[in-house]
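Next, two complexes with subunit A in common: one pairs it with subunit B, the other with subunit C.
And now, the complex of A and B:
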């Protein structure tokens, strides 16, 4: 028994040490930092100036930061609804025994293989282009004049454009996870239901959905984390200055910490750290809510 | 189990201690910061071997190796090393990422002798890391024809360097630019416009003529849309007022008649169809690409535009430049503009200040200054150097400048307010918002 403990310690030390150094220490330092005014991210602790909750108050007073929070909630909601419905639909269709399953699966997953920067630039500069864009051409071809005239990248449409472009890529990712979940369900259930004369819809709501509960929960948590950390797409859609329709807390934090792209402005790394703290709290709360809503009543099959 | 817990506690304590050790050097490096000038010339004795310069310099560049500027600078540095065989220069191509990478590296004590970026940025952000250069400016160098350095470059740029950090010159400007209207001279000639507009009325008249002649007079895109409103308001009441306006948390300054007049002016431009129909949806570089393709006549931008869209326009594009017109009853005239430069800085802790400055003189005067201007279709620093033909009109403008606006004439002074201004102004110029609705939005 004693020897065993030595072994445990030996194997655990590297993991615990690196966890403490790489995760716990930065988290604590950031939390600590959020209570100070810090001008530059590499400033030594001696230069920090205590402001207490001042940084959080600054953020609460900033309309742009509030807009950023609103944006990620809407991305989470609208994008989430769209992505989950579509990916679930595709997953069900592809696991129902259609021909060329792996081909379709690859095609739908493909956007995830391409770098987000390349994808975003394609949407921004080509698909949504008001002169020669894909949307314009396709809608013109279909004779939908009103839709062809939509200026997707104008301020009033930009948010919708962003959510559509982002969700497009995410569908494949969640579809894969749903497919794995569905394929894990023993086929006997479906066979039995088919023999009893259950329809496809009935089978979906009575077998697939209930048995996918923990997969759905995982996906919601994954989606929430990606929505809270929304950054790259927002940067691509507004590369130089944040815009009200695309700004997210991470973009706001980036600007606070490293300064604006175009002009030399005051930096406030402490407030940036406060954004980080707020985001962490949001993720933890969302995780807790999801866990409560999808209580873990283990279904064994 | 208890033992395990103890061990874990010890580990935590240990890691905190370790982390504590890690931060110490940071603290000690900053404590030495105030002694700037004291050491500026002490090293010079060692760096000069008989007759020649000596040293190993590390240069962090704001350019990428494949950009015209990067290519010329690399060639020039190779030439410098040939002429000074005992000087070795190592280039680290950062690109514009240097805005984020340089300061942490300097704080970390990495050896970086020379770096460059925008003049305003290097002085405001990195001024405390830089060597005071006033003594070096008074000396002459092989490329200055026997004159002191400061007399062989554009004086207004050194003045600008002093403006941002008043106790001396802490940067060597190069690649100057002025932010102004860039236009297509062919369009103007075909529309029968004899001279570029100087007042707002002349400007709208020119727009009308261009439109009648079948051209789209004006465009912009998300990257530069705010410069229009910034310049207009600065022409009316000066850039300091613009900065006050955007920083005003009560939003009462937006009631000023100058704001409504500006909004009305742009509402009119939009209503008369002087803006490109896609202006609301233009994402950079959509606007400037329209200029390059010859469909749009005017675009408020920097003189760097010539180089930026050279790939589309070719060198024969009929470039013209004119200053943002004056507005009725405004305080500012055509001699005020946002102008500036890129600038080199030397590390105050460098071991080889003489070699470093000699290199900067080599890069910014004489042959290489000229080559850089030619290859990048930019503005040279040397007062005797020829300008590229594309920027002939900009040369006169540069000579007349008296007041330097900040970027976008101050409209970006508050980064929280800017997105709201830019997005609503975009709606105004694309005809989605009326002047009254624009002002109402700004007061929210």
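And now, the complex of A and C:
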């Protein structure tokens, strides 16, 4: 038994240490820092100036930050609706007995294994290109003149373009999780329904959807976490001086703390920390809401 | 009972008839279109990377034949070969490190009852929801005040620590499925618990470790934010950050063919890995998410 204890401690210590170092200590320090005015990120705690909730007030008064919050809410909502509908549709199609299921599944998931910088560059420089872009070519081919003339990378369309490109890749990820959920449902349920003469639509709403409740909940939480951390795609779609329509809280924080351009002039690391606290609170609140809404206990088969 | 089985068999055979396939036709159409779009985008990028900028803009790709020099230019003039080696070093060392830290911890958490076990597991799961922004500022200030920015070791260490919680979470479910007989037999034969883990349990967990490592490989290879802040120097940049800075500079010099060649180089390693191991990668995603 004693031997076991020694082993358990030696095995757990590195993992716990890494956790303290990279998660627990930084999270606590950031939370603490959000209540202070900190001019330079390397300033020691002694130089911090207590401002209470002042940083949060500064953020609430900043139009750019409020725009950033609005942007991620819209990404969360519109991107979320699109991604969930499409990924659910694909998951249902691919689990309905189509041939070549694993081929389709692999291709649809593919964008997730490629560097987001590469994916983003493909969209921005090729698909949306006003001269030789794929969208232009396809819409011209289909005779949709109006759509072919859309300037996707112009400031007024940039946000929509960003959401579409980002969501395109995420569909595969959520589809995989939905598929795994659907495949756990015992096939007898569907067989019984088919024998009773239920239609495909009826089977989806009466069997699949209710039994996927906890999977949907997991996906909402995962989607929220990814929306909150939205960063690279903004950078690719609007490098140098960020276009306000693509600024997310992460980008705002980056400019505030590490940036060197004109968008955010007043440097205050404490406010950057406050952005972090706000985002974490958003994740926790969304998590709590989904837990309450989808309260149903775990389904056992 | 026997009749029921028979009925099932007949029904199963019926499934492959034309009628059934016809019902599925709209479904085939939708997923095929989506896949076609993916192919078009990637295919065009690959073709364009062998062409010239002038040809890309005038829609006359390959009028002057193949141009592999785009790749030579991207690799050597624009340092992609350097970024590539950096990424390889970071990814290989980090992936090994992650398993060395996470596997023993996951083993203990999965198979031993002790006070605080549940708490530790919830702590590791909670880490999956902490946004990067919450940890980046203190890490930066600590690392800067120790004058350790722009060091390979620090970035690798960060990659290890950040990916440990997910890996533990994934491997716990895996270790739980292994039978207990092996440990009991090893204990009776006088094999110490540490040795039991390294010699018996770890090899048994190999499939799970491979799955999670492939997943970690893709994550670390594509990582952008940490590298942007901690390794933003030509000699240290991994491919994601390198490609980003290159795309920006190429937009000014107007070298689109070179830019697409760079995109292909960055995209290739994970793509090839995925081509051979897509089932494993997919198992990594669903294994991680479905239990949460």
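Note that the second predicted complex is superposed on the first by the 274 of 301 C-alpha atoms of A that agree within 3 Å, B and C clash if a C-alpha of one lies under 4 Å from a C-alpha of the other, contacts with A are read in each partner's own complex, and residues count from 1 in each chain.
In this text, a residue touches a chain if its C-beta (ideal position, glycine included) is under 8 Å from a C-beta of that chain, and two chains touch if they have at least 3 such contacts.
All figures in this text were calculated on a predicted structure; none of them were measured in a lab.
Colleague: Could you let me know whether more residues of subunit A are touched by subunit B or by subunit C?
Modeller: C
Colleague: Return first, second, both or neither, reflecting whether A:21 touches subunit B, subunit C, both chains, or no partner chain.
Modeller: A:21 sits against subunit B and subunit C alike.
Colleague: Is A:153 touching anything from subunit B or subunit C once the two structures are fitted on A? First, second, both or neither.
Modeller: In the superposition, A:153 contacts subunit B only.
Colleague: One more residue to check, A:131. First (subunit B), second (subunit C), both or neither?
Modeller: A:131 sits against subunit B and subunit C alike.
Colleague: Classify the contacts of A:4 with the two partner chains as first (subunit B alone), second (subunit C alone), both, or neither.
Modeller: In the superposition, A:4 touches subunit C alone.
Colleague: Pick one for A:176: touches subunit B only (first), subunit C only (second), both, or neither.
Modeller: second
Colleague: Quick one: is A:63 in contact with subunit B, with subunit C, with both, or with neither? Answer first, second, both or neither.
Modeller: Only subunit B is touched by A:63; subunit C is not.
Colleague: Does subunit B (first) or subunit C (second) touch A:98, or do both, or does neither?
Modeller: It touches subunit C, and subunit B stays clear.
Colleague: Which partner does A:289 contact after superposing on A: first (subunit B), second (subunit C), both, neither?
Modeller: Neither subunit B nor subunit C is touched by A:289.
Colleague: I'd like to know which partner A:192 touches here: subunit B for first, subunit C for second, both or neither.
Modeller: In the superposition, A:192 touches no partner, neither subunit B nor subunit C.
Colleague: Return the residues of subunit A at which the contacts from subunit B and from subunit C coincide.
Modeller: Touching subunit B in the first complex and subunit C in the second, residues 8, 16, 21, 25, 41-43, 125, 131, 239-240, 258 of subunit A appear in both lists.
Colleague: How about subunit A: which of its residues touch subunit C in the complex?
Modeller: Contact set of subunit A toward subunit C: 3-4, 6-8, 10-12, 14-16, 18-19, 21-27, 29-31, 33, 41-43, 89-90, 93-94, 96-98, 102, 104-118, 121-122, 125-127, 131-132, 134, 173, 176-177, 179-181, 184, 191, 200, 215, 218-219, 221-222, 225, 228-229, 231-232, 235-236, 239-240, 249-250, 253, 257-258, 269, 272-273, 275-277, 279-280, 283-284, 287.
Colleague: Where on subunit B does subunit A make contact in their complex?
Modeller: The contact residues of subunit B facing subunit A are 3-4, 7-8, 11-12, 15-16, 18-19, 23, 26-27, 29-30, 99-100, 103-104, 107-108, 118, 120-121, 124-125, 222-223, 226, 278, 280-284, 286, 406-408, 412-413, 415-416, 418-420, 422-424, 426-427, 430, 432.
Colleague: Quick one: which bits of subunit A touch subunit B in the complex? Just the residue numbers, please.
Modeller: Of all residues in subunit A, those touching subunit B are 5, 8-9, 13, 16-17, 20-21, 25, 40-47, 62-65, 124-125, 128-131, 151-157, 238-245, 247, 255, 258-265.
Colleague: In their complex, what parts of subunit C are in touch with subunit A?
Modeller: Interface residues on the subunit C side: 8, 11, 15, 20, 23-24, 27-28, 30-32, 34-35, 38-42, 44-45, 48, 56-57, 59, 100-102, 104-105, 107-109, 112, 114, 120, 123-124, 127-141, 144-145, 158, 160-162, 164-165, 168, 192-194, 197, 218, 221-222, 224-225, 229, 239-241, 243-244, 247-248, 256, 259-260, 263, 266-267, 270-271, 273-274, 278-279, 281-282, 285-286, 289-290, 292.
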